[in-house]
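Chain nomenclature is as follows: A, B and C, assigned in order of appearance, with residue numbering initiated at 1 for each chain independently.
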Amino acid sequence: MPILTYRDALNQALREEMERDPSVFLMGEEVGVYQGAYKVSRGLLEHFGERRVVDTPIAELGFAGIGVGAAMVGLRPVIEFMTWNFALLAIDEVINSAAKMLYMSGGQLPIPIVFRGPGGAALQLGAQHSQAFEAFYANIPGLKVVAPATPQDAKGLLKSSIRDNNPVVFLEGEMLYNTKGEVPEGEYTIPLGKADLKREGSDVTLICHSKTVAVALKAAETLDQELKVSADVLDLRTIRPMDVDAILASVRKTNRCVVVEEGWPFCGVGAQVVHEIQHAAFDDLDAPVERVTGADVPMPYNKHLERAAKPSPELVIEAVKRVAYLG
Amino acid sequence: MVQPATTTRLDPERLDFYHTLLRQMLLVRRFEEKAGEAYAQGKIGGFCHLYIGQEAVAVGTLAALREDDYVFTSYREHAHALVRGMSARACMAELFGKVTGCSRGKGGSMHLFEAKLGFLGGHGIVGSHIPLAAGAGFAIKYRGTDQVSLCSFGEAAANIGAFHESLNMAALWTLPVIFLCENNRYGMGTALERASAVYHIADRACAHEMDSETVDGMDVLAMYEATARAVERARTGKLPTLIEARTYRYMGHSMADPIHGHYRTKEELEEQKKKDPIAGLRHRLRDDGMLSDATFEAMDKQVHEEVADALAFAEQSPDPDPAELYTDVYRD
Amino acid sequence: MATKVVMEALSPTMEEGRLVKWLKQEGDAVQDGDVLAEVETDKAVMELPARGEGVLRKVLVPVGATVAVGKLVAVIAAAGEDISSVLAEPGPATSERGAGSGERAAPPVPSRSAAPAPSAPSVPTATAPAAAAGRVKASPLAKRIARERGVDLAVIRGSGPGGRIIKRDLEGAAVVSALPARSALSAPGGFEDVPLTQIRKTIARRLSESLGPVPHFFLTVEIDMERAWEAREALNALGEEPRITLNDIIVKVVAQALMQHPECNAWWQGDSIRYFRDVHLGMAVAVDQGLITPVIRNVNFKGLRQIGVETRDLSERARQRKLKPEEYTGSTFSISNLGMLGIDQFTAVINPPEAGILAVGAVTQVPVAEDGAVAVRRRMRATMSCDHRVIDGATGAKFLQTVKRMLENPLAMVW
């Protein structure tokens, strides 16, 4: 199987979907001539032309709304936000227009749009450029929220998101773009709403998504080698709709769980996961569910402070010890 | 400079057209009056923004559009919906929140939609729909058709970011969009002079190298002609236009807002009513021998009946089934 | 908020405790979980823990005093707090019992270790090393496991935070309270309840009327112990520790025989008989002022050496009164050996709800007839007491025959 970067996997997805369906177009800052701020859209302008790969001024609210308007009359836009931090400017269109249009119109106007871009922290970008907002969007009925962790998942999920008839918030990661992984050749998609067991074990469940999948896998390896604790590592892949069945199946097997996420703890994605577990698997829990999240602070600039603010394998291992009652 | 209607003489060949315009304005007027009454009786809940006094704008501009064009408007939209072709029944039933409403009772006064008629809402956040209309314009150009996208908004929306971003991109990419600013001089309770550094809305077009016109919004024919000019520019040249319609609303911002007293005087209101658009067209037609009083009365009576029928329909229609709470959140 | 320290029921059958030692004095700071005192119960010397924190403000019971379960023995409170109202109250009843049996102890329950008087089926109160003033803390999973296995949480010690009972605390946790309806073995084999047939009901009723609550009958057999003796010598000559005793062999033989005669490995339950698939043997041990029966679990799975090790350990701790409740409850059959005290033969009283007990006498050299001549051989007499409601004469006899055969031909154990 070929090895691709996460970035190139996304590029392939865009290319394939734009070939397949002429109503798909890409719009955003620097997507065309610049080849993409993070090079995700490299080569697309040359291949598809200006009509389908549209560079915008810096006007997130404006071009997000243009995307929604185009979707209202039958196109399938892919709107790129340079990062999800800037997308706050556009949040009125994402929520008040895209998410609600179908419902408010009594079912007349589906909005088949994808809003995509990198979310979460990179390295020392500071408080305004490091935010993981999946919980904001996952809260909204009418939106779907996807956060792939690997190149294979990224390609398959982006294709499905583009084909989905609902507005999809697609969260990538600057720190993920260079990661490499196997990507199947030929046509494939991955359905939204299905988690993926990235590692199998029986002593504890680690639930994660996006950048924390690597963190959880690293912790699982150490847990296995040093403490003989074997972990299920469940990659959510889609935040909304959430694959609750997969979560419950794992927790019923292991009886203990640690949720690992990059975002802030208060009302975060993990809070929803914990609710699902305590609600339906109450009698299967041998310990309260633990969360390892980003620190509840704006992201600091200093390198060490930043590292301390992010989830790490060490923090995951500490949490596992707590739920397994290991010294 | 405010453009009056260029038609100095009415054309007898177009009598039906003028009658249609008049009837539409009457329909809007009577509908809004009855909606106001129903709201005061508690039969319509939430917000209700009435268009009384501004009829010439919706009627005049929409008359210049084709069936396959797109119309976007704000929450003061009952007029645009009716003129675009929505039945008075579907409109009133939606105000009443009934399942027979155009949005199945889930939208309400601010979210009327009729996709088949190209009537695309019905939006509650000030200025939020302006980019949507630009997006429809983008799609028109993308597909290579000669459709037009019309966006109606109030003058207060001309101060919000979405307005400027949309005008910039429409001009930059030459999108077939008509930005229709219905300047009724008050953004809720704030007079234009207190909200805008630039009083003449149309002047903002120059910031984006866009064509513009300022039009007497109480004159339905002037509105029609100005829009027809903009439509031509859009269809053939893919050029956007900003039209400022100087108009006036007789009611408060919404049913919850006083008619006068706080932010405008009774005298001002009475003065503006002298330029009533319906009376204006009616008298012109009568003076030119194209409309008798009897005909007008019959027209008004028939409109009253249509509205009464719509009211009865709305009252008797059922509420949505409780299960509809969860429908149409996602499309399969 | 003051915490009342009361005499707790630290064993299933305890009614009063003797305060042996105070480990904290008035005025000492106390944390939740600290050991306040040592209390001698009917079975062992147990620790009395603090269930609150603050200062030990008042000690009400001196060393050596015996206090009924439930009575106030001390008060923990904040340094300046007024505790006069606490001291004035009568001691709280110990009726709040977490997951324990719903009823209070009925009329006095003679302890199970009190032989040889016939004992009524005991209705023990649930005790609570984990139950702090009535509330048992357990994870939802632990509660579910306990419920499924019929384990009484109140007698399990929790190793989680705050004394929370967690899954691993229940691993291997078997029957705890002796109340048949509430307890069950969590052993690998499990059990099966068989409702009484008409004939059994009739026998039970008529025999109970004539002989009292447990209708005993007795079967004696004389066993030739030469081969068993040789086997023991040979095994011990291997030189490995621990050295095994004849008693260890007898224990193993009884277990193996019970596997072949499961009708004897059972409990009488009033409306059914519980037949166990595994064997847990109670070994009567004489202790100061009484008798206690520690239980060796799953004897059918254990080898002689392990049996030996466990027997010695349990006996030692029994004599020191340091057994945990789960170590002296839950046997499916019992053995009493008075051989070391020179008794040739005796009848033991059944420990209800078990169906049988084997009383073993001394091994003596006696003359016997063999092939027409007189030989001197080591012989031992064993008497089995049977509950006639569960075991009939023929059933018991067949079991005893198997015991005899295995002891006389040790390899028959693994036949």
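What we mean here is this: contacts are C-beta pairs under 8 Å (C-beta built on N, C-alpha and C of every residue); 3 or more make two chains touch, one makes a residue touch a chain.
This one's a predicted model, so the numbers in the text were calculated from it and none came from an experiment.
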{"item": "Most remote chain, CA-based centroid, reference being subunit B", "value": "C"}
{"item": "Closest chain to the centre of mass proxy, which here is the mean CA position", "value": "A"}
{"item": "Maximum inter-chain contact count - chain pair", "value": "A-B"}
{"item": "Rounded Å distance between subunit A and subunit C, as computed from the means of their C-alpha atoms", "value": "58"}
{"item": "Length of the line joining the C-alpha centres of subunit A and subunit B, rounded to whole Å", "value": "41"}
{"item": "Length of the line joining the C-alpha centres of subunit B and subunit C, rounded to whole Å", "value": "89"}
{"item": "Where subunit A touches two or more other chains at once, by residue number", "value": "none"}
{"item": "Subunit B - residues contacting subunit A, complex", "value": "70, 72, 101-107, 111, 113-115, 120-125, 128-140, 142, 149, 161-162, 165-166, 168-169, 172-173, 327-332"}
{"item": "Of all residues in subunit A, those that touch subunit C in their complex", "value": "255, 282-287, 325"}
{"item": "Parts of subunit C lying in touch with subunit A, wherever the complex brings them together", "value": "139-144, 159-160, 166-168"}
{"item": "Interface residues, subunit A side, partner subunit B - complex", "value": "25, 51, 54, 56-57, 59, 61-75, 77, 92-93, 96-97, 101-110, 112, 141-142, 144, 165-166"}
